[in-house]
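Going by the order they are written in, the chains are A, B and C; count residues from 1 in each one.
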Amino acid sequence: MVSTRNYALSLEIEDLKSRLKDCSESEKAALTAELKQKKSTMAKAERKALFAQINRHKFIYIMLFIPVVYYFIFKYIPLWNAQIAFRDFISLKRTGITGGTWVGLQNFKTFIQSYYFWTLIRNTLMYSFGKILVSLPLSILLAIMIYECTHKALRKVVQTLSYLPHFLSWVIMYGVLLSLLSPSEGIFNDIIKLLGGTPRSFLTDTSAFPFIVILSDAWKEIGWSAIIFIAALMGIDGTLFEAAIVEGANSWQRVRYITLPSIKPVIVIVLLMKIGTILDAGFNQLYMLYSPAVYSVGDIIDTWVFRGTIEGRFSLATAAGIFKGVIGMTLLFISNWASRKFTESSLF
Amino acid sequence: MAKKNTYNSVAVRATAADRVFNIVVTILMVLLLIILIVPIWSTIALSFRPPAYIGTYLEGMFLAPWKWSAGAYRALLGNQGFLNSFWNSIKIMVMGVATALFLTIPMAYALSVKGVPGKKWITIFVMIPYVFNVGVVPTYLLISKLGLTNHLPSVFLPVALSTYNMIIMRQFFEGIPNDLRESAFIDGCNDLQIMFKIILPLSKAIIMTIGLYYAVAFWNDYMRSLLYLQKSSLKPLPLLLRDILIGTSMNDNLEANAFGTAPIEAIKAASVFISAIPMIIAYPFIQRYFTKGTLAGSVKG
Amino acid sequence: MKKTLIVLLVALIAMTAVFAQSATEAKSEGPMTITMLYAATQTEVGGLPDDWAGYQILKDKLGIDLQLQMLPSASSDQDLMVRAMAAADELPDFITVSRTVWADLVKQGMFADVTDDFAKMPERSKVMFGDSSKAFTTYNGRIYGFATPSAYAGNEGLLIRKDWLDKLGLKAPTTLDELYDVMYAFTYNDPDGNGKNDTYGYGAFVEEYVAYEAYPGRRFEPLMGAFGVEGTWNMSADNFGLKIHDPAYYDWMVFFKKMIDTGVIDPNWQSYKKDDFRAAWKQGKFGIFREQNSAYASENNYSPFDANFPDGGFIVVDAPIGPTGKNSVGPLVEGFRIFAINADVSAEKHAKIVEMFEWMSYGEGYMLCGYGMEGINYILDANGLPQSDASLGDMGYNKAGGQRYIQLRNSSFNYNNATETALRYPGYITKVSQKYMSAGDVLIEMQGKTWTRTPGQNSMPSPESADVYTYYMQGIAEFLNGKTALTEANWKAFIEQFDKIGGLAWEKAGYEYAKENGYLL
């Protein structure tokens, strides 16, 4: 956007600067004055260019106005309200948001020093990473499979069925899992009994529970997550494929060299967004599925916080939320930087 | 000999490698079909379970269809509270999606245009609250101060602009070739006209998808409804379902039964299906917008 | 473009309509508006209909415009809702609240002092508000809520399949060892004679948290009572403490583990939710369990079992006697429901609320809340008792249409009234097996068994940190699952750690509380 006039100006300024270094005392004053004048001209020109840009895009700013106001009200004011994490908050009337006694990082200390803190962190990360590692590739795979399937009927049926589980709430999914995994009459255990093994209570077994959580979540969500990838696949330019075929590529190579790279930006964005919320590991699912027998592997930050909120520990719950936010924000900035460096796409 | 794949309309040459590819894809799809169907089928069978049922879960799944009883569905659809909640959820969903798209589309587009001064700062402004999910209480305090409690908008307004959805939409807008924008600009269009005349018509697929994401979120929400809607006349479906499904009443009036003789598992399964119906109906319509050609040009990196 | 505008217009109109409607509601004047948060009789059927006669009568006779708000079903949701409302100063004028939440909020001054209001409710005080009721809601010497009876005391019992006992030629067990033998026989000797190995002796599930019945909870109390470790607390003055500190608790754990390892208990007990458990006994999965009288014997609840097993039946047995001669079905506590008045209401409104609460407890108000409208939801029989007659069709108070009219029942019933009992639990003839059943008879039978009286145990304090109770539950569960070997040494280590992270502090707080309130036996 730098006009040729501005470019010439900047060259002149560079030239003046180098002359200033080698000049004599008498010339110095004159050169400095000239430099100052050229710099201010340059600054004025740059400002003019900036305003021209802003003016050109004035409708953008108008379009942004209402959403930004919305953001301010519904996202930033709650952040302001979240200061109750640093205070002894009781209620809006009795202490108000700013009226409660300041306790600083006390709630954070309570949270971090609580008996189960590291267990919660470990479980939360285990489920988040596990779900990303399993579900993301599977949903991409599903999207590609649907895209490449030649049997129209099969494709339609699978596509419709694949997103249905998303609508089944975890309350009902729990019943389904129970019917599959019940130690006395679940289908899996019936098969195990048939094969001569001893039935296991999967849902209360600490070594089996994490797998059940990750796999059942994958089952429930890959169809739904695939929708966004299917939409992306639909947007790939057909001419790319035709060109590839002309050059002799078979289907495998086509997928590897055209299809996947074309949707890479979408994959990266989705991955980055998931990393930003890495400490949300699926509250609804775990709350329904867990029981005291598997607390050691099933309790995550959100379930622990929820029990605290029911008991009225609002400040503590908010402190945990802020803690999650700080970690998530850091991870997001790091992965965004890494993504920009290595894949050219990034969130910001 | 070229075989045409009608979905992505790629003319595929039937080489050996291609045939293997197709077979592998087909096998995987069938496998997936089985894995998907088993639990869905078991839930459907559960919803039709007759009142006095004995037997294992396995038998239950393949229970002869003529033994099935529609008692659970009849009880639910005849329940005044159920119908009222259903209608409340429809209201929330429709108003919510309209508000959400009204907020999301302009912002996603605005952030997708290149060369807008200050765009980076606005993006950061937007991302910060995204990761800072400070939980229920701070938002609750805001909503009650705004006086929105016991009004339906309190359910969708706090989440009407989802950063996640907005970023995805922005990504798609960025993928539209810049030449279209540039040529329109040269013709004298400003950004607003470009958005309405050029970008939106090309983005039907993504707008439908994001609209669907919002619709599902609003339809399924119960946390906000629990906190903000205490009047029974405003109760939306997920809240009612939660009462039915978790169903631990505070008192012991167990001699009364809200749903007749249908077994409680059938009621639960049936209520979940009924609540999923709008989505199941809506999706095929939206799928139509996914046809090729609505997004001209390639998705650029 | 046009389409977008139309959609926007529709949304705008819809939103305005919603706002306008609520605005007009706020503008209405006349009788004093009182908002009341209540626990419905049956949450799923919906709120009290607008044509309920009580609304108009309250307006005309008492000058009250009653605005009702319903609590959700799950107790954790209820607590969350009330706490959130308190934090945002959105508490209604008259609130139904659980004891744990009440105990926290009363310290913050959220509830009004009602000590002097009992004198204004003579009719209600005739049937409620004994000393234990008043003690339940006393704080610092003043009373901050009305504790009304919420359930019949002692309404649960140990049930055994009589037909299974007969088939195997066994008699009803009285000791713990005999009970174990019966459990074993029920599991391995095919008591239902169908040739399949598909039955279990004992069946149970883990209830939602209850202060006086810690994990594993209510459904195991009859077995725990055999060791003297029923309930959470030992309330005797000279031996006060948490039951888990009792050495006999280890013996109970050993017995429980034996039950699990020998397979005599339905292994789903850790995963069942309440509805699964109830469905399971109706399908004949196990033969011994603790159940509530109405959940077992009321017509709606018994008929699936009756249809499946017309020749089947249950008897109520007393709790088994343990190795040291102890037995108990469980801790007997009076259940209370607290109605509190918001501390911020005017004195005038406060008085009106008390007036309304009294109106609901007798005569016309009692009938309207408890049974609905005469001639529509009930008719009076020859004895003047309300009956849901067949002539009323679907609008009878226990039928689908009429159930909505009795949603306020919890504000009027007193749960120790013979008429109430007879009406709620009438005798009837079962459809398939044609035998006489009565949940009322079962109630009396159950109440007559051996219970441990522990007044005040339902208001004992919870541990300071939720983690303490999590550690308690998790530890016990891991011993039962075999994750940690059940040895004296491991148990000792578990208790020591438990004490260290807050168990001892909890016990101490409990002692202080019990002493202060005179609950020590």
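Methods note: a residue touches a chain if its C-beta (ideal position, glycine included) is under 8 Å from a C-beta of that chain, and two chains touch if they have at least 3 such contacts.
As the structure is a computational prediction, the values presented were derived from the model and not from experiment.
Asker: If I rank A-B and A-C by number of C-beta contact pairs, which comes first?
Answerer: Ranking A-B and A-C by C-beta contacts puts A-B first.
Asker: Return the chain label for which the distance between chain Cα mean and whole-protein Cα mean is smallest.
Answerer: B
Asker: So the centre of each chain is just the mean of its C-alpha atoms; given that, what is the distance between chain B and chain C in Å?
Answerer: 36
Asker: Per the centroid of Cα atoms for each chain, what is the distance between chain A and chain B, given in Å?
Answerer: 18
Asker: Averaged over CA atoms, how far is the centre of chain A from the centre of chain C? Could you give it in whole Å?
Answerer: Distance between chain centres: 42 Å.
Asker: Would you give the residues of chain A that are in contact with at least 2 other chains, written as numbers and ranges?
Answerer: Residue numbers touching two or more other chains: 92, 175, 182, 185, 309, 314.
Asker: Could you check chain B for residues that touch two or more other chains and list them?
Answerer: Residues 56, 136-137, 141, 144-145, 242, 246, 265, 268.
Asker: Listing for chain C: what residues touch at least two other chains?
Answerer: Answer for chain C, listing residues that touch two or more other chains: 80, 87-89, 198, 273, 276.
Asker: Please name which positions on chain B make contact with chain C in the complex.
Answerer: On the chain B side, the touching residues are 51-56, 75, 78-81, 84, 91, 94-95, 98-99, 101-102, 136-137, 140-141, 144-145, 149-153, 196, 200, 226-227, 230-233, 235, 239-240, 242-244, 246-261, 263-265, 268.
Asker: Which residues of chain A touch chain B in their complex?
Answerer: For chain A paired with chain B, touching residues are 1, 50, 53-54, 57-64, 66-68, 70-71, 73-82, 84-85, 92, 97, 142, 145-152, 154-155, 157-169, 171-173, 175-176, 179-180, 182, 185-187, 190, 219, 223, 227-228, 230-238, 240-242, 245, 250-252, 254, 261-266, 269-270, 273, 276-277, 280, 305, 309, 314, 317-318, 320-322, 324-326, 328-329, 332, 343-345, 347-348.
Asker: What residues on chain C touch chain A, complex-wise?
Answerer: Contact set of chain C toward chain A: 76, 79-80, 83, 86-89, 100-101, 104, 108-110, 198, 200, 206, 215, 266-268, 270-271, 273, 276, 285, 344, 462, 465-467, 470-471, 473-474, 476-478, 480-481, 483, 501.
Asker: With touch defined as at the start, can you tell me which chain A residues reach chain C in the complex?
Answerer: 89-94, 114-116, 174-175, 178, 182-185, 201, 203-206, 291-293, 295-296, 299, 304, 307-312, 314
Asker: Enumerate the contact residues on chain C facing chain B in the complex.
Answerer: Of all residues in chain C, those touching chain B are 1, 4, 7-8, 10-11, 14-15, 18-19, 22, 37, 39, 41-48, 67-75, 77-78, 80-81, 84, 87-90, 92, 150-152, 155, 198, 208, 273-276, 278-279, 282-284, 292, 294-295, 298-301, 303-304, 307-308, 337, 398, 400, 403-404, 409-410, 424-425, 439.
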